[in-house]
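The structure follows.
First chain written, first letter: the chains are A, B, C, D, E, F, G, H, I, J, K and L, and each begins at residue 1.
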Amino acid sequence: MHRVLVLHGPNLNALGTREPEVYGRMTLAEIEHRLGDLAVELGCELECLQSNHEGVLIDALYSARGRAHGVLLNPGGLTHTSVALRDAVAGAGVPVVEVHVSNPHAREPFRHISYLSGAALGVVQGFGPEGYLLALRGLAGHLSRDRRPQA
Amino acid sequence: MHRVLVLHGPNLNALGTREPEVYGRMTLAEIEHRLGDLAVELGCELECLQSNHEGVLIDALYSARGRAHGVLLNPGGLTHTSVALRDAVAGAGVPVVEVHVSNPHAREPFRHISYLSGAALGVVQGFGPEGYLLALRGLAGHLSRDRRPQA
Amino acid sequence: MHRVLVLHGPNLNALGTREPEVYGRMTLAEIEHRLGDLAVELGCELECLQSNHEGVLIDALYSARGRAHGVLLNPGGLTHTSVALRDAVAGAGVPVVEVHVSNPHAREPFRHISYLSGAALGVVQGFGPEGYLLALRGLAGHLSRDRRPQA
Amino acid sequence: MHRVLVLHGPNLNALGTREPEVYGRMTLAEIEHRLGDLAVELGCELECLQSNHEGVLIDALYSARGRAHGVLLNPGGLTHTSVALRDAVAGAGVPVVEVHVSNPHAREPFRHISYLSGAALGVVQGFGPEGYLLALRGLAGHLSRDRRPQA
Amino acid sequence: MHRVLVLHGPNLNALGTREPEVYGRMTLAEIEHRLGDLAVELGCELECLQSNHEGVLIDALYSARGRAHGVLLNPGGLTHTSVALRDAVAGAGVPVVEVHVSNPHAREPFRHISYLSGAALGVVQGFGPEGYLLALRGLAGHLSRDRRPQA
Amino acid sequence: MHRVLVLHGPNLNALGTREPEVYGRMTLAEIEHRLGDLAVELGCELECLQSNHEGVLIDALYSARGRAHGVLLNPGGLTHTSVALRDAVAGAGVPVVEVHVSNPHAREPFRHISYLSGAALGVVQGFGPEGYLLALRGLAGHLSRDRRPQA
Amino acid sequence: MHRVLVLHGPNLNALGTREPEVYGRMTLAEIEHRLGDLAVELGCELECLQSNHEGVLIDALYSARGRAHGVLLNPGGLTHTSVALRDAVAGAGVPVVEVHVSNPHAREPFRHISYLSGAALGVVQGFGPEGYLLALRGLAGHLSRDRRPQA
Amino acid sequence: MHRVLVLHGPNLNALGTREPEVYGRMTLAEIEHRLGDLAVELGCELECLQSNHEGVLIDALYSARGRAHGVLLNPGGLTHTSVALRDAVAGAGVPVVEVHVSNPHAREPFRHISYLSGAALGVVQGFGPEGYLLALRGLAGHLSRDRRPQA
Amino acid sequence: MHRVLVLHGPNLNALGTREPEVYGRMTLAEIEHRLGDLAVELGCELECLQSNHEGVLIDALYSARGRAHGVLLNPGGLTHTSVALRDAVAGAGVPVVEVHVSNPHAREPFRHISYLSGAALGVVQGFGPEGYLLALRGLAGHLSRDRRPQA
Amino acid sequence: MHRVLVLHGPNLNALGTREPEVYGRMTLAEIEHRLGDLAVELGCELECLQSNHEGVLIDALYSARGRAHGVLLNPGGLTHTSVALRDAVAGAGVPVVEVHVSNPHAREPFRHISYLSGAALGVVQGFGPEGYLLALRGLAGHLSRDRRPQA
Amino acid sequence: MHRVLVLHGPNLNALGTREPEVYGRMTLAEIEHRLGDLAVELGCELECLQSNHEGVLIDALYSARGRAHGVLLNPGGLTHTSVALRDAVAGAGVPVVEVHVSNPHAREPFRHISYLSGAALGVVQGFGPEGYLLALRGLAGHLSRDRRPQA
Amino acid sequence: MHRVLVLHGPNLNALGTREPEVYGRMTLAEIEHRLGDLAVELGCELECLQSNHEGVLIDALYSARGRAHGVLLNPGGLTHTSVALRDAVAGAGVPVVEVHVSNPHAREPFRHISYLSGAALGVVQGFGPEGYLLALRGLAGHLSRDRRPQA
């Protein structure tokens, strides 16, 4: 059983109602419901948290040490601006998979730059809400191959 | 009656005492008092919040949905660095007017770059505390012309 | 009584008919009419000039010395390219308020750079034609607080 | 039944033996074997092609029109340098999912820039060979939701 | 009689069906047909080749030496990325006219940069398929004024 | 009958005598004579204007509205520096074809950047004086296909 | 007696266990213990706070006004990205000494840029945990030479 | 006898009263008076012109052909932004000496870039009004060594 | 006996006739003849291939694995633009020496950047055709010191 | 007993009299006197050298090998421009602590870039002459923890 | 009587024989002879020094304090790369006039950047050897107006 | 008999002991010994000089005029920062071959930029100490083909 922390960063509380032509109409609750179903199938246990606060996300990443085997992280706009969050991803000591609902490369130039991705295990972007499911599969597969609990 | 949320970002708690040669000597309380007088004149109802936390500002922008018709936002230094706040301005679904007490273009080069302004309805900068009043007028005028309550 | 020179730069002659999805449908004549009404209210006397010639605008800024108390300037595309106009704003010896009908930060990257703003007293942008009225209020307020006639 | 073209770009012929500390030890044949198994499960039919020639990849993308429903593309180093390949991805008229075995953001700066990603449906990177399986799932899921055969 | 080689680069095979809102609906066959009619009028003999392979285009440019008096080249996306093709244009020893169906300056920033144009005799862009005819006229005019066969 | 305004920007008054190794020895009068002959052939009526003043060129572009069907513009050095002229090209409401006698890409790096081209219908460069004739053909062809008089 | 606020920014909670090859194995508690011993020797009184929240750090800087004579600040990754924190350092009205455990210049390029340092009194970096002691000495020395309590 | 055209660009009309801490208190009339005295000594005949219009300066440069042996040019802010003026300096066919009252390198970064200087014979900057005298000496010396009248 | 693959990239087919003022008048055949003579002296066996196709060069680099002990590569213009070729140099598993006939640093700025050199064993440039001989010596010397056949 | 070489780079000979508003009024002799007192306390033996010659500083760094246990280096303006000095710091084989009297980040942008710091053990800047004492403490502490004499 | 130190930087020893098409054929001895004649006329006393050593130039600048009233400095290639020399110019406490024989803006792009000029009193460039005479006049004029001996 | 000056720049005194994982373990004396042997074979006479002083290297380059036929120069870190040394290479009037022991392109980004190479005859890099021998061969070959003694 893999314990996975699912972290949603700034603005993801508004998923489904905010700029739906970019982000689609599925809400975070619906995504977490679908993630939950897949987690059962993959033998994972999820804990989900959304926050608009960089500090809360960093705190959560450290809280994952010893408690979770991996993290699914949608860093939202912090992807492009936060060295502190990157440092937490590198420092948390558990593998972190980055996921984006939209495809940042098809958007404004400032979204083509990422501080975060270089510290992540892998990145999934552009598949809409489906990306969360792919990311969970990717993380679970990684954990199954390398399953030492993180201390 | 327009309900307007007034958001003051990082460091504005210190207005009036911090670097007065740049920001003047009027405090936030005095500005809000003057804004209140103008709000009455313009038929607006104000709710004011200052925070040094990016996350609190983002939360507040989403809280404005369905509760406020517009937002007056002084993003302080986050103007130049926060994609997350920009995304909240774009995603909040209410018009946001950006205001700066000083004129960022007359200061350091890193203040000449703005992530935020592209998502705002309009920008007022350089008029000192007076800028808040102009910004409220600009917002109220916009709301009067386009007065559907925001959902 | 404040004497205010209103300067419209290149392409503003076509306001109302040129790219109306960007600049709206109000003409310069209509804006000046509305400005005139507000000027009466604020105790200002306006003199208006539109020119597509950078040199005419510079000449006009110097002509303002000793004749006007302040200037309202929409520099149009010269905002992003003219050091000479910036120098005239700095050299004219009267406070200059910059106004833009559109929000340059929501447009092409070359409109995110401003040579001019650093020399202006304040900037108002993105409010459509309404911005002229806000700018006049901002200028008049400044002049009332600091009303020495400019020599 | 979705017909999917799997395209491997330059240097992927050497997967498994080339720089294994970066790309791992699984060969392309092994990856295609695993992809084949998953394809059966997902109801997809695969056609695989590796080429070190940009032109062959572009030709193949156009050959997919009317013959395949989607493309899985690992563009290798062309990701960072080829506008021609991007144009083919945009022009092929079938959804293209981009996959990378390594995480380009954790490598040299010239791998942080992508011409291609902005034209792709989605991107999966950093999961090693497993990424191909995630990408196929992502593509198949997309095709199932939007299953008009591409003309 | 001027012998002219007409070279179409990557993605031009799909002209007429690919992104028609950018490139129009005329196919390469139709363009070549119209070019053929104009060639007769101008006393030119055409040889046409389309390839998605940079190497084939370079080979063709060298094959033109001693066999053709000039080249009409639509380099497609290679315009912005290929020093090798530029070197072939410079080295081929026959005048090369560059043509683009769309106007690259009205598109993404990476299309505003050209390695190729500095080595071309002249450039025609933005006129749609008509641009090929203008380019042929430009080349033919040049050859008539300077008609030494190229060795 | 298409009415076409031919605008020559800064320094073109000196064509034929200024830096002839770059610009050739044909004068503007000779070019306009040859343009006139072609105009008769193409059923166009020309009006020609040369000015070293950006403002005069902008004024002329607006004067074309309702009076001319298209504009031939050689913006000279303003190509690389004038947002105001670009805005006039975009705002004039008639198609504008840009022409350059020399090939800017074969010259100094500051000539490789263009503010203007993105707003033009098409560009012809590098053919020497002949470029004007090609540009007129390109414009006339465009007008014949899309001949609504511009208001 | 100098009252000194010691502020540790994002990720410093994990000091000693996070990436020990970069940051060493001494924990924050151990550092604060050693700082406490030195404080006694230097006649300082310490108050320590670690937070992963930019806003908490800004709040704390303002809380120092009138309560502390100086601040020791390890801004972590915010060094490179936060104008808001810089503004608080400038606005707090007490001297701030910046300290880094690692040497940012020996790491990734994005750590070579600092928004914060320009507003600090001084910077100590690269000495590992020892740097805190040097920074406290530097601050205490400064306060002894210039000992007006900060208002 | 050398005929020398003295051209003063934008904002120099205000010399002596505009930003005197930068440009000093000597007016253009006083400078021209002193230049006149030196001209007599050097056997030069001066013709002076100030304009805030780029176009007027370009016109004047061409008017110098055949009428003047050299030009003294203070391009003001156009130094940093005008390719058109540079082209006129290169095209005028008479040697042009550039002079600046202030030292642009001791001011804002945008004044460290010069389009114009590369086309000038020589540059004198930073000597205040005295610079005009040095520049005239430099020009007269050049003309004496190379005195063919310019055609 | 060292087996050495000699690869000539794009445009080198034209050596001796193309831009001889840059590249000299010696043809590739003559260079290969001289290389052959030196190979005998150094105990090397050569296999030579020229191609204008990036893909052919990449294929050839992989074909060298297990068959050749080293590669001499003149990448031509691909030096400055091809990450794919760099990856093949890194991935081929045999030492690659890069050679240039001209000195790229004495030419256009875009030739001062190299993607390829960082993956090569060594670089020889600027010696004209002689550079091939130096490069072969350098490679042979390296192989003699480290002579395990490459697998 | 630690032997420490104290190296003062260009312009430090003038400390105390040169730009005292930036560098203070303490001379190098006074600093070295205070350093000497601290050295006794810390059990260090100092050797001091000031030079305006980069080469003398590099020579001195190598002379430190085997003779000194550490180096205190104020590189002055060479910090921002000298790769050669950086290489000597890296190559000297003894730990080097960098010290600056002023805070380079509070000065011109070209002082925000450092070639040198990445090769130093640690950096102390902004504390005025006091910084030398902190730097010596930092170096002595490092040597005490890791006291093998350098060979 | 003004005492003036004339400093010639790197490579000026070779003036007259080195790249005469750029620097002319007059030697340093001839220039100093002509400077000497002018010095007599202007009431100056010269001391001349050429060195290829940055450190010697910096030493000389400090030696000028109290001994010379001004410095004439041709910094050669150090202009574009030396912050240390700039600091000496700023720190020497005597006015320094910068002179260049050639016009750096008409040469390679790396000569368009100057670290030094911002600290100089004035700059004279492009007049060939004559520039030294103009620079001496400029310096002497400055000293006559502001003749306090430098301490 | 060719007289060749061998110049080793900064830090090369430490070759063999400094960072041997980058530069190897062969000392300069050993390299010069091997160079000496090859010189005999090639009919060259060597004179060797190492200096950490840029000025000494420049002096030596000029001393080569009339005394040496060519120069072998390892500029070390000055490669990337010294315009003065580049000017000496260009001005010395003898062919200069640049050699590097390591491959700068495989190291930090600031080593990918070269001021010097554009003025050298040729460059050899990445072959370790062997590179000196290749460079001498390259220089000797050049001198044999073009053997006029340098004046």
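Keep this in mind: contacts are C-beta pairs under 8 Å (C-beta built on N, C-alpha and C of every residue); 3 or more make two chains touch, one makes a residue touch a chain.
Just so you know, these numbers come straight off a predicted model, no measurement behind them.
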| item | value |
| --- | --- |
| Subunit G to subunit H, fewest steps along touching chains | 3 |
| Intersection of contact partners for subunit B and subunit F | C |
| Interface sides of subunit E and subunit I: same vs different residues, half threshold | different |
| Copies subunit I and subunit L - rotation angle from C-alpha fit, nearest 5 degrees | 180 |
| Centroid spacing, where centroids are CA-atom means, of subunit E and subunit K in whole angstrom | 54 |
| Centre-to-centre distance between subunit J and subunit F (centres being mean Cα positions), rounded to whole Å | 62 |
| Chain centre separation (subunit H, subunit K; CA means) in Å | 23 |
| Computed distance of Cα centres, subunit K from subunit J, in Å | 31 |
| Contacts with 2+ other chains: residues of subunit J | 53-56, 81, 109 |
| Which chain pairs touch, all of them | A-B, A-D, A-G, B-C, B-G, C-F, C-H, D-E, D-I, E-F, E-I, F-H, G-J, H-K, I-L, J-K, J-L, K-L |
| Subunit I-facing residues of subunit E, complex | 53-56, 58-59, 62, 65, 81-88, 90-91, 93, 115 |
| Contact footprint of subunit C on subunit H as seen in their complex | 9-11, 13-14, 17-19, 51-56, 76-81, 110-111 |
| List of subunit F residues in touch with subunit E within their complex | 103, 105-106, 112-114, 117-127, 130-131, 133-134, 137-138, 141-142 |
